[in-house]
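I'd like to ask you about the structure that follows.
First chain written, first letter: the chains are A, B, C, D and E, and each begins at residue 1.
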Amino acid sequence: MMHLECSNITYSYPGTDHKVLDALTCTLSRPGFHSIFGPSGVGKSSFARLLADLNRHTFLGKIEFTEIQTVLYSYNLERLPGWSSAGAHLDKVVAKEKEALKQELINIFELSPLLGSRFHQLSMGQQNRINLIRYLLQTFDLLILDESLANVDEKLRQAIILTIKRIFPQKMFLYISHNLMEVSTFCDEILVFGGGSTGKSYGTIQGQNCCSSEAVDRKKVDETMLEIMNAF
Amino acid sequence: DARELTYRLKWLFNASVAGDIYAEDKGYFTKAGLQVKIKEGGPGKDAIKEIELGQTDFGVASADQVIRALEKGAEVVVLFQIFQINPLQWIYRDTLPQITALSQLKGKSIGITFGGNDETIMNTLLAKGGIPKKDVKIYSVRFDFTPFLTKKVQIWPVYRNSQGVILKNRLQAEGENVRFLNPADFGVNFVANSVITSKKMIETDPDIVDKFQTALLAAWRDAMAPANQESTLASIAARDKDNNAAITKLQLLATRELTGTQNFGSIDKDAWIQTEQIMLQEQQIKRPVNIQDWLHK
Amino acid sequence: MLFRRIYQFLLVYFAGISGLLLVKLLVGLSDYVIPGIPLIFATAGETAKGYFFDVLNTLQVTVLGQVISIILAFTVGIAGRKSSWIGSFIKMIAYNIQAYPIVALAPIIFILLGDGFIPRLLIASMICYFPLLLSVLGVMSSPVKDIEHFYIITGKMRWQLEVKIRAFENLSKLATVISGSATLAMAGAIVAEFIAADAGIGYSIRIALYQSDLAKILVALFMIGIVISIYQGLLESASERIQKAWAISSGN
Amino acid sequence: MLFRRIYQFLLVYFAGISGLLLVKLLVGLSDYVIPGIPLIFATAGETAKGYFFDVLNTLQVTVLGQVISIILAFTVGIAGRKSSWIGSFIKMIAYNIQAYPIVALAPIIFILLGDGFIPRLLIASMICYFPLLLSVLGVMSSPVKDIEHFYIITGKMRWQLEVKIRAFENLSKLATVISGSATLAMAGAIVAEFIAADAGIGYSIRIALYQSDLAKILVALFMIGIVISIYQGLLESASERIQKAWAISSGN
Amino acid sequence: MMHLECSNITYSYPGTDHKVLDALTCTLSRPGFHSIFGPSGVGKSSFARLLADLNRHTFLGKIEFTEIQTVLYSYNLERLPGWSSAGAHLDKVVAKEKEALKQELINIFELSPLLGSRFHQLSMGQQNRINLIRYLLQTFDLLILDESLANVDEKLRQAIILTIKRIFPQKMFLYISHNLMEVSTFCDEILVFGGGSTGKSYGTIQGQNCCSSEAVDRKKVDETMLEIMNAF
């Protein structure tokens, strides 16, 4: 079955001697909506960029993909080209056979009124959404969402996460977010990156992995949140 | 024979090419059964190269060009010599005493175009006058006359029948008079422009060359004839819109003097030989080219 | 824009003339060194019309030459943007040819191309294209990461798209350079005419110089200035309109 | 970088020569139109050393001219970046002067400045500065909103800071243009010498042209090419090192 | 006392006819840590940019500042120049007399180990923090934080908010964030922008305005959250 295994990853940016990742070992053992969680600057984005393009970086340790061919990395500062509307750009990068899926996602992402606008005319949350939707319409096995929904309101974000879980049960996602409750509620395996500038620690915590807002058991979520908090 | 021939001049259309313009304008070529197109010259144009490349059939080149080309294996033949007196002379204000002996050049500031004919000629003049280079102030000439106009340089090279006329006129308007220093007066006969064609042309189409030469010579002779002055001026005016009639007329008079009136168009063999010798002396060429062998009968 | 250009040009031109006249007055130079006002007017009366048509003639070469150099600069700039060997090689050729002053290359050009319209056009384009090339190279070799990332990681990047993204992000820079290159093309055309042609304002300037007639040159400069101001102004207005159409005003 | 430049230049040069020789062979031309190999070598033997020093002489003007034009281009570009009347006026002057081919301006320059080193330098700078200006204007007139916002809203924005921000954000573009402008400065210096000077390789080319001596011109072009390749290569290495030092490699 | 009053603000971007703000009327009646909350694309940033630079925009309605001279607007996409380290830039823009305050803020923002890095070498949350801190060290009466802490982890963000409330009790802040719980817990007056693309509604809800993490009454926060949710 699809899984990802990292052992003893140590990584520094070229020209620096600060270890951004220090002997990171972790496993994501199945498809699903997983997460990386941890304080600002702990190395989440660095790790994600490493996974997305192994060849561009030099690091110590081993990363093994099983049944994962295509890894995509999306982040919240991306932009679309400015010469035509967001909708036109979307049309360009989506294959014909995904038309139905595209329409469904556009509705859930509440993007239909915005498709005629140029990217720079959109609000930040709107930009986040139009960027993410185009990734979802590509071919991939593992998609990393690096704060890709950081500027979207919680309600809509929740709807989007639930949709992704429903539509892509066979794919692996790695959701990087600073919203503890959201991560605890909706994610499956949560890689917790802990420790600040001194030492680093890594661990995996099982999230509630809820698949609808009704299914949320607030108490259990609280437990998970506590577990994560203590992992630091 | 309706073959279209081209004839490349050395310089712009003005009174200094009066005969060439006259020939085309008055149908001398057509009358000879030739179809000739004359093309204006300029600083970037080289008739010898064009002849070799087959881009033109006849052309005008200066003697030094011809000699240099011969040295490098080009095969061009001189048909006739337009100017009996080299138009390349030096202008100076009459506030200087008239130069009657070369020794008078001592201490003067003289313009020469480095690399140009005037350098060769002036060097020869100085050598002839026994004046060491350090005894004159040589000034490097570029394409504008400011140093002469502002009196920074006393003696300045000009083409006697074109710029020479214009300058003289302009200075006269300000009440200044000028004189010209003609190297020929001091025994330096450096040949100027001649009409040339390729050796091949002479071998393959001798009658065309003959007809061309005859027609052009006739045109020059007629253009220089005082009787035809008005119609010559009209032909020039149709081509040269940048000079006014008065200047053109003066230029034509000057040109007439330079082409000579008796031995019109004749090749001054001695002058050619002297030219070659000067160029050898001045190391413009490294080996003799026997120029006399390349002068058309 | 257009009227401002003309108006500004007149200001500069008359400031320049006044400066020259001042020098004339102060140093006490005669009319044949620096022409006085009456002479300038007389000369203008004689030559202005002819020069105007000469400049229009030159403008034709300018426009065509500019179009060619833009095409050339973009072709070379796009091909040379990669830091590959070929890219660096193309850049190198472009650079080297530029270092050779046209006056030295001209004889070779004439040998290979004969005379007429083509070498005139070629020289005009050669003078204009290199500065364009520099800008195009600068723009084309700096990635726009936050836009390109998606296309790269999904394997959708084509060189056409890369070029389009980079051009669009630097639209105003490129527009400045392209409309500015009009004056370069004009200068190039004039130089070409000066060296080689038998038409155009460059040719007329050569004759005036040969006659050492500064008054004529001043009239020619006036005509060049007025025509280039109009052309420049039109180009700028057009480029503004095109930018707006393509981009809708960008930025918040 | 440096060796690659030289090596590439040699490739281009010998390709060019071979092309010319091929034409010579096919059309059967004499040494006067296109010199043969023996003549080229003989000429090289006689003139190479002299020309090399001529080029070095020219290089001095080039370097100084380039420095001046960089200063000039930045001054005008910075002053002209605003869309104010003054900005547009400065731009307009810069544009207009450019359109006048140097050959037409030269007599005026000579009247005002006499002759010698200064006009040579001036002409070299004038030819080099305009393309630089275009790029500087392009860079200086596009705001970097996400960086400038803070300084504007807190009232801390000074023009120096604005310029610094925009220059820094476009460092690689500016570096391309500045090191590319070396060849422009060289071409400018050569043209200036061609028109005005009595030293430098441009002057030597003029003499060779008077004598219709293509072999000499080919040797001169070789010397120019080799020297400009070295200068260019050095500039590029230096600019790379400077960029690294100022920026540490930017981008993630 | 310091306050801000807007009446009937209607605003469209030039060249469009979509009313981004439609008859917005609201009041912020005192210094404190206030908030604008609402779904993505509702017009929060647009309103904030309007407040920050009235002269640059043309709009209908009236905005009145009382005892508010200087309005600053910060947002999460800002960058620092790249030619020297974040610390050096900070030193440049901070007046001498605020040195002590600067040190205090640096510690709370956990920025000390980062001061030597260039901006582009920082993680997103680190970039957010270095950007915000320089605004806090300027002279201002009203500071707008438009998702300025969007990429910072919750724990640190909470510490930062509490610090701001403690150190600047006399200033007015307008915090734009998509974190409902945080807004409900720590903000004073909450301007809720509601409604999506059809009609718009605006209202003010009183937040819990907690000044320490101990003081949080979870039940009351839940009530506020509910109130806000229902305001849509």
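Note that in this section a residue touches a chain if its C-beta (ideal position, glycine included) is under 8 Å from a C-beta of that chain, and two chains touch if they have at least 3 such contacts.
Model, not experiment: these values are computed from the prediction.
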item	value
Intersection of contact partners for chain B and chain D	C
Two chains joined by the most C-beta pairs in contact, as defined above	C-D
Whole-Å gap separating chain B and chain C, where each centre is the average of the chain's CA atoms	37
Centre distance in Å when chain A and chain D are each reduced to the mean of their C-alpha atoms	50
Computed distance of Cα centres, chain B from chain A, in Å	85
Averaged-CA centre spacing for the pair chain D and chain C, given as whole angstrom	16
Chain B residues counted as touching two or more neighbouring chains	46, 49, 53, 143-144, 146, 150
Residues of chain C whose C-beta touches two or more other chains	33, 107, 111, 206, 209, 212, 248, 251-252
Shared-contact residues (touching 2 or more other chains) in chain A	77, 121
In the complex with chain B, residue positions of chain C that touch it	29-33, 46, 50, 106-107, 110-111, 114-115, 195-196, 198, 204, 206-213
Chain E to chain D touching residues, read off their complex	52-53, 72-75, 77-83, 93, 118, 120-121, 131, 134-135, 138
In the complex, chain D residues that touch chain E	146-147, 149-150, 153-154, 156, 164-165, 168-169, 246-248, 250-252
Chain D - residues contacting chain C, complex	4-5, 8-9, 11-12, 20, 23, 33-34, 88-89, 92-93, 95-96, 98-104, 107-108, 111-112, 130-131, 133-135, 137-139, 141-143, 145, 170, 172-174, 176-177, 180-181, 183-184, 186-187, 190-191, 194, 202, 205-206, 209, 212, 214, 217, 220-221, 224-225, 228-229, 232, 251-252
Touching residues on chain B, where the partner in the complex is chain C	12, 39-40, 42-46, 49-50, 53, 55, 143-146, 149-150, 162-163, 166-167, 170-171, 173-174, 241-244
